[in-house]
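Please read the structure below before turning to the comments.
Per-chain residue numbering starts at 1, and chain names A, B, C and D are given in the order in which the chains are listed.
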Amino acid sequence: MSADKVFHSRSQGIPSEGVKDQYADGKAARVWKKYIGDSNQRTKNYRDFLTGLLKKHGCVRVLDAACGTGIDSMMLVDEGFKVVSVDASDKMLKHALKARWEKRKDSRYDEWVIEEASWQTLPQDVDGFLPGASFDAVICLGNSFAHLLDEYEDQRTQKMCLKNFAKVLKPGGLLFIDHRNYDAMINSGATPGHSIYYNCKYPVDIKTSVLVVRGKPELVALDYCIDATDDGLITEKSEFRLCYFPHRLHSFTRMLDDAFDNRAQHSIYADFQPLERVDNPAYYIHVMQKALN
Amino acid sequence: MSADKVFHSRSQGIPSEGVKDQYADGKAARVWKKYIGDSNQRTKNYRDFLTGLLKKHGCVRVLDAACGTGIDSMMLVDEGFKVVSVDASDKMLKHALKARWEKRKDSRYDEWVIEEASWQTLPQDVDGFLPGASFDAVICLGNSFAHLLDEYEDQRTQKMCLKNFAKVLKPGGLLFIDHRNYDAMINSGATPGHSIYYNCKYPVDIKTSVLVVRGKPELVALDYCIDATDDGLITEKSEFRLCYFPHRLHSFTRMLDDAFDNRAQHSIYADFQPLERVDNPAYYIHVMQKALN
Amino acid sequence: MSADKVFHSRSQGIPSEGVKDQYADGKAARVWKKYIGDSNQRTKNYRDFLTGLLKKHGCVRVLDAACGTGIDSMMLVDEGFKVVSVDASDKMLKHALKARWEKRKDSRYDEWVIEEASWQTLPQDVDGFLPGASFDAVICLGNSFAHLLDEYEDQRTQKMCLKNFAKVLKPGGLLFIDHRNYDAMINSGATPGHSIYYNCKYPVDIKTSVLVVRGKPELVALDYCIDATDDGLITEKSEFRLCYFPHRLHSFTRMLDDAFDNRAQHSIYADFQPLERVDNPAYYIHVMQKALN
Amino acid sequence: MSADKVFHSRSQGIPSEGVKDQYADGKAARVWKKYIGDSNQRTKNYRDFLTGLLKKHGCVRVLDAACGTGIDSMMLVDEGFKVVSVDASDKMLKHALKARWEKRKDSRYDEWVIEEASWQTLPQDVDGFLPGASFDAVICLGNSFAHLLDEYEDQRTQKMCLKNFAKVLKPGGLLFIDHRNYDAMINSGATPGHSIYYNCKYPVDIKTSVLVVRGKPELVALDYCIDATDDGLITEKSEFRLCYFPHRLHSFTRMLDDAFDNRAQHSIYADFQPLERVDNPAYYIHVMQKALN
């Protein structure tokens, strides 16, 4: 007499247990690549903001902790940084590995390291392929961190991962980490389809679902519907679901400070601009500078 | 790198597909029986309200469209009504069938009909075991109707079921149907643990989850934790999840009117009392009187 | 590059975990009722064999340990035995409970007990609804016992259940238990579609699958395809899968003797006849007489 | 009353639907790499057999249609062949892509092509990354082809894939394809733990399950238990399940001839030796030479 309904945190066809990879079916990775566009389409705002700060602080060795298909890492390699790129998704890494091979004659790419790693075991994972390595900067951008859900309802995993980011930084090193403006999404029930990172040329419709437990938002599911049918290769509308923990600006700020023992310098930007200058930003970007001692 | 999470609309161990029965594992039925208590524990308010109105309108033949373990139907049989009880759950019906057998020497119970039926096919199902039957009253109480979720996001199934209730009523017949005060639950994120129907003697904690899609509440999941450990038979705390569509008073009222072609007399009660007398009711009870022609 | 395949031990739509009931979807129960026919269609051979032996040994109180829809139990009630019927499947019990209600004016049926029980906890379950009860005979027929699969690959559950059958018998009491001729099925890869118990009037096709692990048959799956489309109610060909542990005559005989501490008298019949008289029987029926002290 | 049992064709944690990749969980790929050892451990028999025949027929361009982690392809690249390696599993390809990167200074590896491809769409897939390409030889070894199960029970997919192998070959080109000696496995219920391809230094226990449907073996499941605990990295015994269609020598031979329109020259080897010289081989290797016109 009652219909059954399961609210899956991922697209159909992607296993919910066992394979811990939201991009495991390959389709999401393929469409995602389409969504974020090629490297020339990275917004100038983003590039200027990131490389500007990295250069200003004299950063050389950068860990891209959520490299995905490698597109951001390549921007950094092109700019001359020594980049180590990790991701937990093989489907994503495959694209990065192939892109690197295409550039094998370009000497800047010769030292680009691409490896599988998990945030939960980041120091050990990095030590496994680069013994003793530490970094001038760690970036975790594009709303990646919010992929990590709150399994135990106390954010213990998220806290551990943030501490791991701090751990692999050199003293004085920078962490760039962002999240969507979930405060606004929770209030409005809607997600802006455009991105501050990419110049997506396809129309995108994003269906926003918020799961509120005991009055507290615990999960946001975004069902992307990308109409890339003019493309020739992708002949149907692409739909996939990505799920996020809805970090609120206030509580994420506090959690981040804690991860650096409240000794880091913490700057917050709205869509790459000073906080006060943007009224209703799409993203908040946090930059942490680890204490020197 | 991201934990997986599935928000199931039912307890673990209950299948999400195939068996369309939220009480399929038997445990829920057993604990539910405990939760709602025995027939002596039906609140006087409830009994007086229901039998009072039925008698006032001269109702004799009553269809209990969500009989569950049969406890409400038995209250009506005891009062002398001719009752037909249906439910879609075998686990529930088993309890009703056994209870009827215990009363086989009581002549009032001799005509009590208990059958499996689905709201979606109610007229046909009833016609299958009682050809040509129609009723002076249909009751669908105890927040039962809200079990029906909104699979197609347009409430088509709910609308069809309400029409089916109207269809099996005689002209002038009454439909009693209720729903929790979901408006308050959505706003507060909490569910009152007590019931207006039952005098539950066990402490109950209800964890309330609301799924909001495109800004619209689409699903409420209640995780009941009933501490009946003093009972001897049930030795652990019992947890089970029941899911509901969060009917808002305004829209449910309109949908109900539509189901009766806007020709029924529609009275709304709050916790069995006139609407204006209760400030923040737990339940809304609708009584529809079908037009005479 | 490789297709995926899962060999489920039950029909699609029946959960493989949580609800331990091969008949949980109701459809199997409904079709099964069709398959085994009404009580008039019980074969004379079966009736004469069973009631003959029961009467010869002066049995009065009989436990039907796998009553299903109740059809065999009713045959015994009609013959004047005091019957207690149990099953683990609610979907099956519902049919038995309704059938009993139809006979409520027949005094022989007044004492027919129908309850849910599991073989694994049979003595306790029986004691729960009939304190102190023991039986002159226990029947577990119709290939029911083979439904119990060998989860731990050492037949521990099967051994425990057989001991439980012995436990609820009075000294000198009889256990009737059967199994298909799995020796022949394993060798031929085929299952005879007719039954020695029922006079099924519908054509039945049975697809036989045998799972052989380390050279030892561990599971037989029978996909029944019953063409009851002339029936009017069932409009499609019915398919369902039932799974069995393939008991070989030799090892089952030994396990059964062990369950009675090797002190029972053990007779084996082939299709209700002396073993030596049937060449390639469909079923083996074991009759155990518990030792008197 | 009956335990549930599902016979999965793959290890726990590997999805049975959606992701068509038996190696999807990464663990299997990792253990498999351990199992097959490094390239120095390829048996001399295998290397001599394969490269001997390739050179004898003047083959240059070779398609490795089941490259896995790339170990066989690298053997061929080292020997100077122009290799195109494909696989359907990203988890496998990741290892191959990384191995290629390690060899980027070795000019022989510069032209090694590694791509994702499916046997069902092999000509189109190859045409996508190498327009117009055809090959002097296609290899599909290591019992890879048997991964393809018989979804429709008529081997239609297997037949199509074999035709696709024939299609991408030049006239006179060679197909190397093998399968385990399933005839012996079906008869004995056991699988030899050693390999003719690899010198595995770890103890391996293989539990063999055969699913026989209507008397015909339809599926073989091998549960590998590899004790690589001396390794330091892998600290537990590794268990994983791989499933195969049990090709019998006679019927596979016929199906292969059909795929080449019965116009190819067909040689069969037993463990890389002439058929008559090996008594109970572990593998059969078929070499097809496509007709010249």
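In this section, contacts are C-beta pairs under 8 Å (C-beta built on N, C-alpha and C of every residue); 3 or more make two chains touch, one makes a residue touch a chain.
Chain identities (UniProt): A, B, C, D = Glycine N-methyltransferase.
These numbers come from a predicted model, not from an experiment.
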Ask   = Where each step is a move between two chains that touch, what is the least number of such steps from chain A to chain C?
value = 2
Ask   = Taking shared residue numbers divided by all residue numbers at the interface, is the value for chain B and chain C over half (same) or under half (different)?
value = same
Query = Which chain pair is joined by more contacting C-beta pairs, A-B or A-D?
reply = A-B
Rotation, 0 to 180 degrees and nearest 5, that superposes chain B on copy chain D via CA atoms = 180
Key: Computed distance of Cα centres, chain D from chain B, in Å   = 58
Ask   = Between chain A and chain D, what's the gap in Å when you average each chain's C-alpha atoms?
value = 37
Task = Averaged over CA atoms, how far is the centre of chain A from the centre of chain B? Could you give it in whole Å?
result = 45
Ask   = What parts of chain B, by residue number, touch at least two of the other chains?
value = 15, 17
Ask   = Can you list the residues on chain D that touch chain C in the complex?
value = 1-10, 15-17, 20, 22, 66, 87-89, 118-119, 144, 147-149, 151, 157, 188-190, 207-216, 218-219, 243
Ask   = Where on chain C is chain B touching in the complex?
value = 12-15, 17-19, 24-26, 90-91, 93-94, 97-98, 100-101, 104, 110, 114, 116
